[in-house]
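Down below are the structures I want you to see.
Below are two complexes that have subunit A in common, paired first with subunit B and then with subunit C.
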Partner chain A sequence: MQKLVVIGAGMASGRVLEHLRDTAPDAFEITLFNAEPRGNYNRIMLSPVLSGEKSYEEIVTHDDGWYGAGKVNCRFGEKVISIDRDRKVVVGEKGEVSYDKLIIGTGSSPFIIPLPGHDKPGVVAYRDLEDTNAMIEAAGKPGSRAVVIGGGLLGLEAAAGLRLRGMDVTVLHIMGHLMERQLDEAAGYLLKKDLEKRGIDVLLRASTKEIRGRDRVEDVLLEDGTVLPADIVVMAVGIRPSVQLAKDAGLDCGRAIIVDAQMQTSDPAIYAVGECVEFDGNIFGLVAPLYDQAKVLARSLLGEVDAFAMRELSTKLKVTGCDLFSAGDFAEGEGREDIVFRDPARGVYKRLVIEEDRLVGAVMYGDTGDGNWYFGLIKDGTDVSAMRETLIFGPAYQGGASADPLAAVAALPDDAEICGCNGVCKGDIVSAIEAGAGDLGAIRATTKASASCGTCTGLVEQVLAVTLGDDFQMPAAQPVCGCTDLTHEDVRRLIKAQELKSQPAVWQELGWKTPNGCHVCRPAVNFYLLADWPLDYQDDPQSRFVNERNHANIQKDGTYSVMPRMWGGMTNAQELRAIADAADKYNAVVKVTGGQRIDLLGIKKEDLPAIWSDMNDAGMVSGHAYTKGLRTVKTCVGSDWCRFGTQDSTGLGIILEKRLWGSWTPHKVKLGVSGCPRNCAEATCKDVGIICVDSGYQIGVGGAAGMDVKEVERLHDARTEEETIEWTVAFVQLYREHAKYLDRAYKWIAKVGLDWVRDTLADDAERAALVERFDISQSVYQKDPWAERASPEAARHFKPLADLTLEAAE
Partner chain B sequence: MELALDRPVKTFVEVTEVWVPKGDTLVLAEGYYGTLTAFEEASRQTAFAKGEGLPGKAWAEARPVVLKGFDGSYFKRIEAAREAGLTSAVAIPVFAGKELKAVLVVLCGDDENRTGAIEVWAEKDGVLMLDDGYYGAAKHFEWVSQHTQFPRGQGLPGGVWSAETPILMRDLGSGYRFVRAESAGKAGLTTGLGLPVPVPGGKSFVLTLLSALGTPIARRFEIWDARRAGRGEAVLIDGICAREGPLWTGEAEPERKVSAWQGLVGRALGTGVPVVESGVPGLSAGYDTMTALPIHRAGEVSHIVAWYC
Partner chain C sequence: MNWIDVGHIDDIPLRGAQIVKTSIGCVAVFRTDEQEVFATSNSCPHKGGPLSEGIVHGRKVTCPLHNWVFSLETGVAQGADAGQIATYPVRLDGGRVLLDLDEIGKRSAA
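After this line comes the complex of A and B, so read on.
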């Protein structure tokens, strides 16, 4: 009988032993080493043990009886010190064992970030029963708090378990969404929301600086200065294959122990299995491929022909009630097509990725029942072109369900719920229609259906259509884009009403049909979010037009223009010298603009950071000539110099520009301040135009002098400069909070009516609140983009990807 | 395993009934009465209008109702119950959206020796508070529970509340922050099944069945995920049995599934109405009685919990 020694009693090696017992129980005399003082248990079920939803006894795979029946010589709690390949012996702490065949199944060890304080008592990894028990013990103390570092599978399972046990739990995740390796942003958002619903705090983009405490963990300090008190810190940031023993024995190792398709290492007598192996450049962390490896290894040991092959994997999170599924490759790419289904009321998100008529990836949240069916399609490479239209609805719909939405609505019983938010049934809506409500507005007013989240609007309209027949005309409201049926106004309203503070929140809660929006809706939603939630939302440069992303206007020859801000159109000799020097240095063409600025044209993209730096050195900041934001405040010379000037128009212009610059608006905003009704600053065709008169200041709004030419309408007559500033700032903020993206002020006023604008701003409290909200926004957004990007590190983004000159020369 | 004690014991619940709407009243669909035939006979001749008696109250108020001590109460079958030795009852309405599918009623006898708990938790001011509960002899545990509240995500009630999913917990007595856990340990309560009770209007209720070793509420618990109801099947996601041990399947093992109408759980899936059966073929692991309670979400059965004695 051959001698088989197995190092490590984990799930993979355990499965090898099961196969051997099933197929050749007498082939080997087996010795099993395990550093843990126990045999094989289902390690991936430790999370339910932590949460209390399983007992340890339930997850034991092989108990003493099992090993005894198989005559396995168990050496548990004994570490292997070395492998002597020449003598073919394994050296344990309590003595040597010779082998004919050896299996290394040393698994993996948790990766511990070497932060200051990582070795303090109270910092635990999450790998084995000891770690689990340490956490359960910590949870048993009244008022105890846990910080979990790592928002991956293990970290989140630990967090949910500790929360169920009664702890206050905070999860720190360094990336922008949870489980970023398995989930896309939309599913990550739903997962975060689900965890927060359980009272778990989740901090994204959270970078840990130090774990602090005197004798043991007391708190965790983040890079941004946040301090989180903690009785226990769970480090769940990943695993590393445990390969030191194999390395010391001289076996070929890369990231792990290198094996061939028969699980044989570089030594023909030694095999390896599980998380400690590397096959074809891959390492392993999920259980399904480990079981495949185990079967192949057992057959190889018995001289049978078999080969391990990589296969597609799927992921599930073991947190009860958090239903997610991910499989395949769901990265966006050329030639790939997404099918997205969202049901905000049920918190459901499904995304399928199709490439060349094959399903290549699937991500699901909330409704994962069909996950395995999709997984099968991915694994088998099934041609899905014939079921393309109904694929997202799962296997139950293959074979043809009615696709006519009106027929489906007509078939609904009267008690079928149409509006989940307000609990309005089809019968309620039909009754309202019978009582005279003939359009969506009337239904909203009488039943509240579609008045909250708005996602049932289409359904309500279909009920109207079914009930009224030809009498009902489907409205022609323009949706933002093809990603949604909602209008800009709906989106703005719902972002506020539902307190949506991130793009994934908008995509999910408003039922976007695409994974991440498109080039049309993303800039709009980005603006709405930053305008409504300046302190919560993080501006997304990728959702901006190219000029805003590069902070310069691209010209027809691919070069850029650079225009420094000149407050109120005033400049001085020093600034002019710096501009002249920059024009020489960067070979720029110089143009005086209609907004009383100097424009440097013909700047190469890679020179932008340097010229910005030069302008900054001369005390100038970006003129934002490229933004949907405050452009210029054009002024005349005013009472200081002009015989006719009634007020200090230049001074007021400078004050207004310094107050308003840097703010993002639905479209560009131009101001003009003229010192008298002769209007040399052409203030009456600006978005906000102020005419100074002897008695004070006439504030006009809604002017234009572009494709449309329009004179301002009088908003208010102010007596003092302070009052003028207050009204102007409040008006800009009202425009920021209510207008559709890319509507100039005059278009917005035409929609809402100047009376409403005037009445709103005339309310002293409302005006003050608008000014306050504007200032809060400015505390975040009033910053010079040039200064932020003039650093060498930031400058790298502006470097060309390839040296085209050199390529051309060659 | 702590639950794996399979010896004849006196059950905690003595009677289980399913009342279903028929016109304007609730009528008895099925029930398990053990030896209490007189009470069974009285029940079969009774119907409840909306708001009438215990089942009618659960229907009218759209909430689970606990009633302890029948004398002088709105309970309709006082005389029969007294003769049968029944003193407490819990009524659980089963709603699919706004539609009442059934009312499940369990009745217990007063006994100084039987320990266990059937509790109803209700949301109040952002936490779950004990609405009421029946505890048998676990008086200290009852007192502690009355003075405990659960935030979202914490403990069995808080976990069920936030996950909107039934949860089956083992070893209630240790490793928890709550004083209640310590008291549960002292009372011998080990296994806990918690489930959401969805009602119209959006109020949150959680029902828990806490089982002790000596007087178990059940000796087998099962949780089925029925959210593939569109495909007409439910998958066993958790369970524990005194005779068969753990019932859940590992990640790489085949799932245990039933189709709609397949067996008793399949009947609950197909009808959306609770099932109470005794002494019929198809009862798992040779148990005498089985109760299956479907939970509806978004108008469809989302889960079925089943318990066996």
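After this line comes the complex of A and C, so read on.
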């Protein structure tokens, strides 16, 4: 009988032994080494053991009886130290065994990030029963806390298990969404929401700096300074194939042990199977392909012909209540068609990716019942053109329903606020409809919803449509873009009503038809989120047009212009000297702008951080000549110098500019302050124009002198400078909170009516609240973008990734 | 094949781009997803806009100057606009981004 030695009693080698037992029970005399002090168990089911849903005994695959019946010589708890290929012996901790054939099935070991403190007691990986027991023990202490590093499959299963055992759990994930290898952003968002519902905190883009504690783990410190107390830290950041043994024995290895399609290594007497192998450049982390390998290996050993081939994989997460499925390649693209289905009410998201009439990928969340059916279509390469229209509804599809554009509104709870001006909820409107109000006019008359600023009109109409069904004829409204049926106004209202605080939340809850928007909707949604949730939402530079991302105006030749602020149009010799020096140093063209300041044109992108730093050194900050935000405040010389000046128009302009700069607005905002009605600062054609008069200040709004020339309309006559400032700030905030992205103030006022604006601002409490909200936002956004980007670390991004001009291209 | 390591994927912002200077001009390297990169010419066939500065959505980029939209996979302009940008072989090895310099040389010569 031939002698077969197997290193590692894991899931893959266990399957090999089963095949041998079934087909040729007497072919080999078998010795089985395992470093773990036990035989083969279903490693996958450690998660239910962790959560308490199963016991270890229930997940044992091969017990003593099984090994006994096959006369397997078991050497459990004994590690193999080396392989001597010349003598054909395996050296274990307790002695040698010789072989005719050898199988290496050593699996993988968890990757541990070498952070300071990673070796403290209380830091565990998640791979075997010992790790699982350590976690169960930590969870036994009442009120104990766990930090899980890694938001992939394993990390989340660990987190869910620990949470079920009553621990406070925080998951740290370095990427922008959970399980990024298996899920797209939308599904990742729903998963996060579900985990949070069960009390697990999830921190995205969280990078760990240090694990701290005296004798054992006490807390985890993040790069941003956050400190998370922890009794146990689970590191689940990935696995590395265990190949040291094979490498030392001189077998060919890449990232893992290289095998051919017969699972043979570079030594014909030695085979390998499982996570420790590399086939055709691929390495493995799920069991399905390992079982294929095991079958091929068993047949190869017996001299039969078979070959291992790669196949499509699908993933599920074993966390009860988090229903997800992903398979194939689901990145979108040219030649590929996406079919997206979202049901915000049920938290369902499905996305199918079709290429050349075949399904190539599928991601699902919330309702994964049809996952295997789609997986079959992907694997078989079935032509789906005939079922294209109904594919998303699954195999059970019967009728002709299509995605419902009203789903987002239908999903709103009764207490969701529809009309912010009058505090009217969806439930109030539905009651009014049930009481007989059948059209917009009647709703306005009975509930006042949409009777004030009117921006919620679209939503009220949708509530009518949802409630009345076919009895209501929807007027056609202009959607934001092809990614949604909702208008800008609807999107703004729903972001507030449903407290949507991230882009994925908007895409999912409002039923976006594309995975992550387009160049039309993304900048708008980015603005709405940051205007409504300054403290929660993080501005996304990748959703901004180039000028706002690079904080400079791009020119037609790809260079940029640099324009420092000159507060209220005032400057001095020192600033002018710095500008002149910069013009020399960076070879800039100098132009005096129409906005009372100086433009340096023709700056190269890689020089931007340096010129900004020079400007900063001279005390100047960005002029934001490129933003949908505050541009200039033009002033005239006013009472300081002018024989007609009634008030300090220059001073007031400077105060306003210093208060308003840095704030993002739906479109640009320009101010002018003139010292008398002669109006030398051209204040009457600005978004806010102030004319100083003997008795005080006339505040006009809604002026413009671009594509449309508009004269301001009088908003309010203020008596003091303070009152003028308060009204101006409150007006800008009202505009920020309500206007559609890319509507200049005059366009917005034309929609909502100056009367509504005036009435709202005339309410003392409301005006004060607007000012307060503006100031909160400024606490986040009033920062000089130049200073933030002049540091060497930030400046790096303005340089090319690499310079290959000196590399030879053959 | 002449795969050259040009940097780490994390040096490219998610849904953003970076440029690599080569002897035939700038190549834009786009990152569309946590783990997906594309390489194209950086210059828009319309009026030379720097595509690396455009908004990246799905596997497409919108030119920053006048909003032409290009597929990053085929390089073909979308919608009513007609035109195409060169696309180049790029791949990921671990987190490293590799560009095939030979191919870049060839395609520009053609």
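As a convention for this text, the second predicted complex is superposed on the first by the 700 of 810 C-alpha atoms of A that agree within 3 Å, B and C clash if a C-alpha of one lies under 4 Å from a C-alpha of the other, contacts with A are read in each partner's own complex, and residues count from 1 in each chain.
In this section, contacts are C-beta pairs under 8 Å (C-beta built on N, C-alpha and C of every residue); 3 or more make two chains touch, one makes a residue touch a chain.
As the structure is a computational prediction, the values presented were derived from the model and not from experiment.
Once the two complexes are overlaid on the shared chain, A:R522 sits against subunit C while remaining clear of subunit B. With both structures placed on the common chain, the touch criterion links A:A307 to neither subunit B nor subunit C.
Within the superposed three-chain model, A:K54 lies in touch with subunit B and out of touch with subunit C [touch as defined at top].
Legend: residue contacts after superposition of the two complexes on their common chain; A:N550 is shown touching subunit C, with no touch to subunit B. When both complexes are overlaid on chain A, the residue A:V590 reaches neither subunit B nor subunit C.
Shared contact residues on subunit A (touching subunit B in one structure, subunit C in the other): none found.
The part of subunit B that touches subunit A in the complex is made up of residues 1-2, 97-99, 151-156, 158-159, 162-165, 167-172, 174-178, 181, 200-202, 225, 227-228, 230-231, 238, 240, 245-246, 248, 250-252, 297-299.
Within the complex formed with subunit A, the subunit C residues making contact are 2, 4, 6-7, 11-16, 18-24, 26, 29, 32-36, 47-50, 53-60, 62, 64-65, 67, 69, 71-74, 76, 97, 99, 101-102, 104-105.
Residues 42, 44-45, 51-55, 57-58, 136-137, 139-144, 160, 163-167, 197-200, 287-288, 291, 316, 319-323, 345-346, 367, 369-370, 394-396, 415-417, 423, 425 of subunit A are the ones touching subunit B in the complex.
Touching subunit C in their complex are the following residues of subunit A: 175-177, 180-181, 184, 331-336, 338, 514-519, 522-523, 541-546, 549-550, 554, 556-558, 796-797, 800-805, 807-810.
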